[in-house]
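What follows are several structures.
Two complexes come next, and they have one chain in common, chain A, joined by chain B in the first and chain C in the second.
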Partner chain A sequence: MYVFLSIAAALSLFPLIWAVISATNANTDILRGTMLPGTHLIQNFNRLTELTDLGRAFWNSARNATMATFISIVICSLAGYGFEIYHSKAKDRLMSVLLLSMMIPFAAVMIPLFQLTANLSLLNTTLGFMLPTLSTAFLIMLFRQNTRTFPQEMIEAARIDGLNEISIFLRMYVPTMKSTYAAAITITFMGTWNVFLWPRIIMISPESITMPILISNLMAGYVADFGVIMLAVTIATLPTIVLFSFLQRYFAEGMTGTIK
Partner chain B sequence: MKKLLVLLLTLVMAGMLLTACGRDDAEDVAVNELTVWSWDPAFNMFAMEVAAEIFERSNPGFVLNNVEMPWETIDMQLTTIGISGEHHLLPDIMLIQDQAIEISVLTFPQLFADITNSGINFNEFASGKTDFSVVNGRNFAVPFDNGVTITAFRTDILAQAGLTIGDFTNVTWNQFIDLGRQVLDTTGMPLLSTYGVGASFMDVMVKSAGTSLFDANGQPNFVNNPAFREAVDRFIEMVDAGVMLLPGDWSDYIGTLAAHDVAGTLAGCWILGTIQEVGPAGVWAVTNIPRLNIPGGTNYSSWGGSSWVITSNANFDLAVAFMNYTFAGSTELYDRILPAAGALSTWGPAAASTVYLEPQPFFGGQTVFADIIRFSQNIPDFMGGIHHYTAMDQIDIALGNIINLGMSIEDALREAEAAVRFEMGL
Partner chain C sequence: MEQKKGFKLGLNQKQGLIGWAFLSVAAALIIVMNFYPMFRGFLFSLQTGVGANMEYAGLFNYRRLLEDPQFRQTVSNTFFYLAVQVPVMIVLGLILASMLNSKNLKFKGFFRTTIFLPCTVGLVAYSLVFRQMFAVSGIVNTIAMNIGIMDTPFNWFGTAWSARLIIILGLLWRWTGFNMIFYLAGLQNIDQSIYEAARIDGANVLQQFRRITIPVLRPIILLTAIMSTNGTLQLFDESVNLTGGGPGITSRSMSHHIFNAAFQGIPQIGYASAMSFVILLFVGTLAFIQIKIGDKR
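Moving on to the complex of A and B:
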C-alpha cells in the first residue's frame, strides 16, 4: 500500500520538481534532458523580468484572485446558508436548477458572457474578470451541504437570546463553519489564480496581464526558453502552495463537512 | 485589536475594489497611434518595433501600441469578436497565420479590411506567399515572414558517412531516403526529425508539386491524389527505415536538435533561429528539399508563415500608410530584422540587399539567406483551402493509424477523407 502511495506521490510531484530544477538551468541543458539543479537561476530571473512585466502580472493575479475569492465566498456562503436554513420546496427546485448550471461547459456561455462584459464596459477590469466566478453552483452546494451539519438548536437558542438573523450568521455560523470556509477559500483562490480562458479573452490590454497569460505568452514564440518559462511557472505556483499549506488542516474537514 | 484588524482589512478590500473597477485601457486613442497584436517579442513583435521606429521618422509623434498575444489567443479573439459583433475591440493590425487567413476572411468577412486597392504593391511579394492571403481575388494581408521550407544538416555528421550537403541538393525523396540509410548505417543517427505525427510535413511535400489536399472544387482529395499518395509512401518509408524520428511535440522536436540526436531537420526557414541556438556553430549547412518523383515535382515548398491584416476597426489610412512605408516599402527594415531576429522577407526588393548576400559564419560561410530567397522564388503556386486545419488533424490521425496500429495506407486515407468530408458537412 505504502509502495503504491509512494509511487503515486512521486508521479504527482515529478512535474513540480522538474519545473523547479528546470528554473535553475539554461534552455539548452533542459532540452538535453538534464535533471540536476543548475546555476542559471539568476540569469533566468533577469531574462524573465526583461521579457515580461512580472511584477504587474503577479499583482494583477493576486488582486483578481483575492477579490474574487472574498466576494464569491461571501455570496455563496450566504446563499448556501439561506438555502438550508430557510428551507422550502421552491428553494429546493431553485437549487436543482442551479446544480444543472454546473453541467453547462464554460465554452457554451463564453461568447454571450463576453458580449455582456463588453456592453457593461468591464473588459480589462477585475470586475469583469470576477463576474463568472462570483456565484458558483459548486460553492453554494458545498456550503449548503455542510450547513446540514450545523446544529439547528444553536440558531434557535440565539434567536431566543435576541440575535437577529444577520448576527446569527456572522457570530454563530461563520466561526463554527471555518473548515468549510477554508476549503472554499482554497478551491476558489486556486481556481481564480489559475484561470486562463476567461481572462485571456477579456483582458486584452497588456496592463491587465495575469500570471497564466504571462506564461502562455512566453510559450508563444518560435524559440521558447524553457528555463525562463519554468521559473515563471514556479513563481506562479508559490501563492497556491503557501495558501494550501496554511489551510490544509481545515481543508479535509471542510470538504467532508466536519464542524468544530 | 480584532476590530482594528477587521477595519484595516475592509479598507484594503475597498481600495482594491476601487482600483479594480477602473478600466486599464485608455479610452481616448491618439489619432497617430496604431495598436498591433502579434506573438513573439524576439521575432514579429521586434520587427514591428523596428518598423514603427522607421515610420516615426517620417511621421513624427507616431505611437505603436505593440500588444503581445499568442496566435491561439488571436484566433480565439477572432471567433469571440466575430460572433459577438464587438468589432470595436479589434486592434488596427494583427498578425495571422497564413493557413488561417482564408477561412477567417470567409467566416468573418466583416472583421478584415480589403486592401487590394490600398496602394500596396503586392506584385513585389513572392506569389507563393500572397497565395495565402488572396480570397476571391481580393487581397487581405501584407506578407511578413518567409515560410520557405529548407533542409538543414550538420556537415560534420554527413562527412562521417562520406557525404556533403551537395549530395542532398536537388534530389528526389527516394534518393534522399537512400542517403538517409547511408547516414544511419554509418553513424547510427537518424537523418532528421519533425514534430507531431507528420501532417504538416506531408502538406509541404504535396505543395512542392504545386498540388493540394483539396481538388479544384474545394473537396478533400486524399485517396486519388498521386502527389499525396507518393508523399505518404515516402514518409512511411522514412519512419519505417529509422531515417526519420517522430518526437511527440514541439519541445521534444527541438530536444532532438539540441541533444544532437539527428543529423538535421526539414522545416520552415524560421527553424534557423533554433538551430543557431542549439549549435554547434560552423558545421550547419542549408539546402533545398527533396522532390516528389511525379510530374510537376519540385525541390521547393512553403511551410507557411504569417502575414499582417488590417482590421475593419483600424485607422485605415494610417495603417495602410504604415504598411506601405515599412513592410511593403523599406529595405532598411528587412536589413535590420534579418540579422537581429532572423526574419526573412518575401518582399522582392529586400533580396537585393547586401545583408542578404553576406556569408554566415555559423553556416560555414554559406550565403544562407540569399539561398533561401532564391528557394522562395521557385515555390510553385498552390491552392490553399479553408479546411486546411481539419485536413491536418485527420491526416495526423491517419498517419498515427498507419504507423502505430499497422492500418493499411488505403484504409487510413479513405477514413481520413471521409472524416474531413463529414466535418465539412459534405
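Moving on to the complex of A and C:
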C-alpha cells in the first residue's frame, strides 16, 4: 500500500518539480537531463520579460479572475441560499432545469456567446471575460447542498429578533459557511485563472492577454528554450497553488458537504 | 383563528418572494448565458453562409458532417480518450481513495495533498510541461535512455497512437486526484465499524471493496462519471497545447476542430454550430445512459 501510494505521489509531483527545476536552468543543461536546481533563473526571467508582456498578462489574469470569482460567488451563494432556505416545489423544479445547463458543452454555446459579447461591445473587457462564469449551476448546487447543514433554528431565532432576510444572510449565514465559501473560492478562482478557450475567443487585443494565452503563445511561437517556457508555466501556476495551500483545509470540508 | 392563518400565509408568501429574489439573478444569467445561446446555436446550425449573409439550409450542415472524414476522425479521437481515460481514472481514484481512508495509514495528509496537487495546475500549464517532458530531447527520453530501455530518442508526438497516449496520460495525471477527493469524502461518511464487521465475517479486502465501498459510493461514482465524460468530450486545451492536434489531425479533439472551423480562417458558423450540436447530443445521450445504469444496479 505504501509502495503504491508513494509511486502515485511521486508521479504526481515529478512534472511539477521538473518544471520548477527547469525554470532555474539553462536550455543546454535541461537538454542534458539535469535534475538539479541551476543558476539560470534570472537570465530566464529576463528573457521571458523580453519576449512577452508578462506583467500585463499577470495583472490581467489577476484582475479578471479575482473579479469573476467575487461576483459569481455573491450571485451563486445568494441563489443556493434562496433555493434551500425558501424552498418550494416550483423552486426545486427550476433548480433541476438549471442543473441541465451543466450538460451543455461550452462548444455548443461559444459561437452565439461570442456574438452576444461582440454586440454588447464587451470584447477585450473583464466583464466580457466574466459573462459565462458569473452564474454556474455547479456553484449554485455547491451552496444549496451545503446550506442543508445550516441550522434552520438560527434563522427562526434571528427572525424573532427582528433581523430582516438580507441581514440574516449576511450576518449569520456567510460567517457560518466559511468552509463552503473557501471551497467555492478555490474552485472558481482556479477555473477563471486558468480558463483558455473563452479568452482565446474574446480577448483579441494584445493588451487584454491573460497568463494561459501568454504561455500557449510562447509554445506556438517556437521559443525553443525549455527554461524560459517552464519559468512562465511556474509563474502561471503559483497563484493557484498558493491559494489552494491556504484554503486546503476548508476545501475538503466544503466538497464533502456537496455530495452529502 | 381565521385571521391568524391568513397572516401566516401572507408571511410565507412574502418569504417565498424573497427566496425568488435571492435566486433570480443567478437563474436569469444561466438562462441568458446557456439556454438562450444553445437555442441560437441550433438555429445557426440550420444555416449556411458567411457573416451577415446567412441563409436557411435545413439539415445541409448535418448531412455534410456525416460525410466529413476530418470530423469523423476528431469524433473517434475524442471517444478513444473517453473510453480509455474515464474508466481508468475512476478505478485509480477509487483505489487511491480507499487506501487513504484506511484507519492506520501514516502520512495521510501528505499523500492526499500530493495526489491532489496536479488539480491546482492549469490545463495549458500542464500541457506545456508534458509537451516538454515528452519532447524528443525531453526528460522522458533522457531517463529511458539512461536506464537502457531505449537506444534512440522516440518522437512521442510523431505517431498518432503515442500522441493520443500522451493526452490520456496527461488527463489521468491532472484529474485522478480530483475524483479521488470526491470518493474520499464519500468514504468518510461510511462507519468504519462496517468494515470491521465484514473483516470479522471473513471478507477479504477485495470483497470489502466490491460489497461495501462500491455500493455506498455509487451515486458519487455516477456523478464523477458524468462530470468526466462531459469534460473529456469537451477536451480542448490539451489538444491545442499538448499535441497541437497532431500528427496531422490524428489527436485533435472535437472542440479543437469546432474552434478552428468557427474562429480560424474563414468562419464557418453554420457548420461549426452543427458540429457542436453533435457534442451536445453525445453528452446528453451518455449522461442518460449513465444515469440509467447507475440507478439500476
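One rule holds in what follows: the second predicted complex is superposed on the first by the 253 of 260 C-alpha atoms of A that agree within 3 Å, B and C clash if a C-alpha of one lies under 4 Å from a C-alpha of the other, contacts with A are read in each partner's own complex, and residues count from 1 in each chain.
We adopt the following convention: a contact is a pair of C-beta atoms (placed from the backbone, for glycine too) under 8 Å apart; a residue touches a chain by one contact, two chains touch by 3 or more.
As the structure is a computational prediction, the values presented were derived from the model and not from experiment.
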Chain A as common anchor, with chain B and chain C clashing or fitting: clash
Touching partner for A:T39 - first (chain B), second (chain C), both, neither: neither
Touched partner set for A:M230, first chain B, second chain C, both or neither: second
Which of chain B and chain C A:Q152 touches, first, second, both or neither: neither
Which of chain B and chain C A:M219 touches, first, second, both or neither: both
First (chain B), second (chain C), both or neither touched by A:T28: first
Partner with the higher number of touched chain A residues, chain C or chain B: C
First, second, both or neither for A:S167, with chain B first and chain C second: neither
Partner chain in contact with A:L94 - chain B first, chain C second, else both or neither: second
Partner chain(s) touched by A:I201 [first = chain B, second = chain C, both, neither]: both
Which superposed partner A:T125 touches (first chain B, second chain C, both, neither): first
Selected from 148-156, 166-174 or 184-192: the stretch of chain C that, after superposition, runs into chain B: 148-156
Interface residues of chain A shared between complexes with chain B and chain C: 31-33, 110-112, 114-115, 200-201, 216, 219, 226
Chain A to chain B touching residues, read off their complex: 27-28, 31-33, 51, 63-64, 66-67, 70, 110-112, 114-115, 118, 121, 123-127, 200-201, 204-208, 216-217, 219-224, 226
Complex interface listing, chain B residues touching chain A: 13, 16-17, 19-25, 39-43, 67-73, 76-77, 80, 83-86, 89, 250-251, 254-255, 257-259, 270, 273-274, 277-278
Sites on chain A touched by chain C in the complex: 1, 4-5, 8-9, 11-13, 15-16, 18-19, 22, 30-33, 75-76, 78-79, 81-83, 85-88, 91, 94, 98, 101-116, 131-132, 134-137, 140, 165, 169, 190, 193-194, 196-197, 200-201, 211-212, 215-216, 218-219, 226, 229-230, 233, 236-237, 240-241, 244, 248, 252, 255-256, 259-260
Chain C - residues contacting chain A, complex: 15-16, 18-23, 25-27, 29-30, 33-38, 40-41, 44, 95-96, 99-100, 102, 105, 110-111, 113-115, 117-126, 128-133, 135, 137, 139, 142-143, 146, 173, 177, 181-182, 184-186, 188-189, 219-220, 223, 230, 233-234, 236-237, 240-241, 254-255, 258-259, 262-263, 269, 272-273, 275-277, 279-280, 283-284, 287
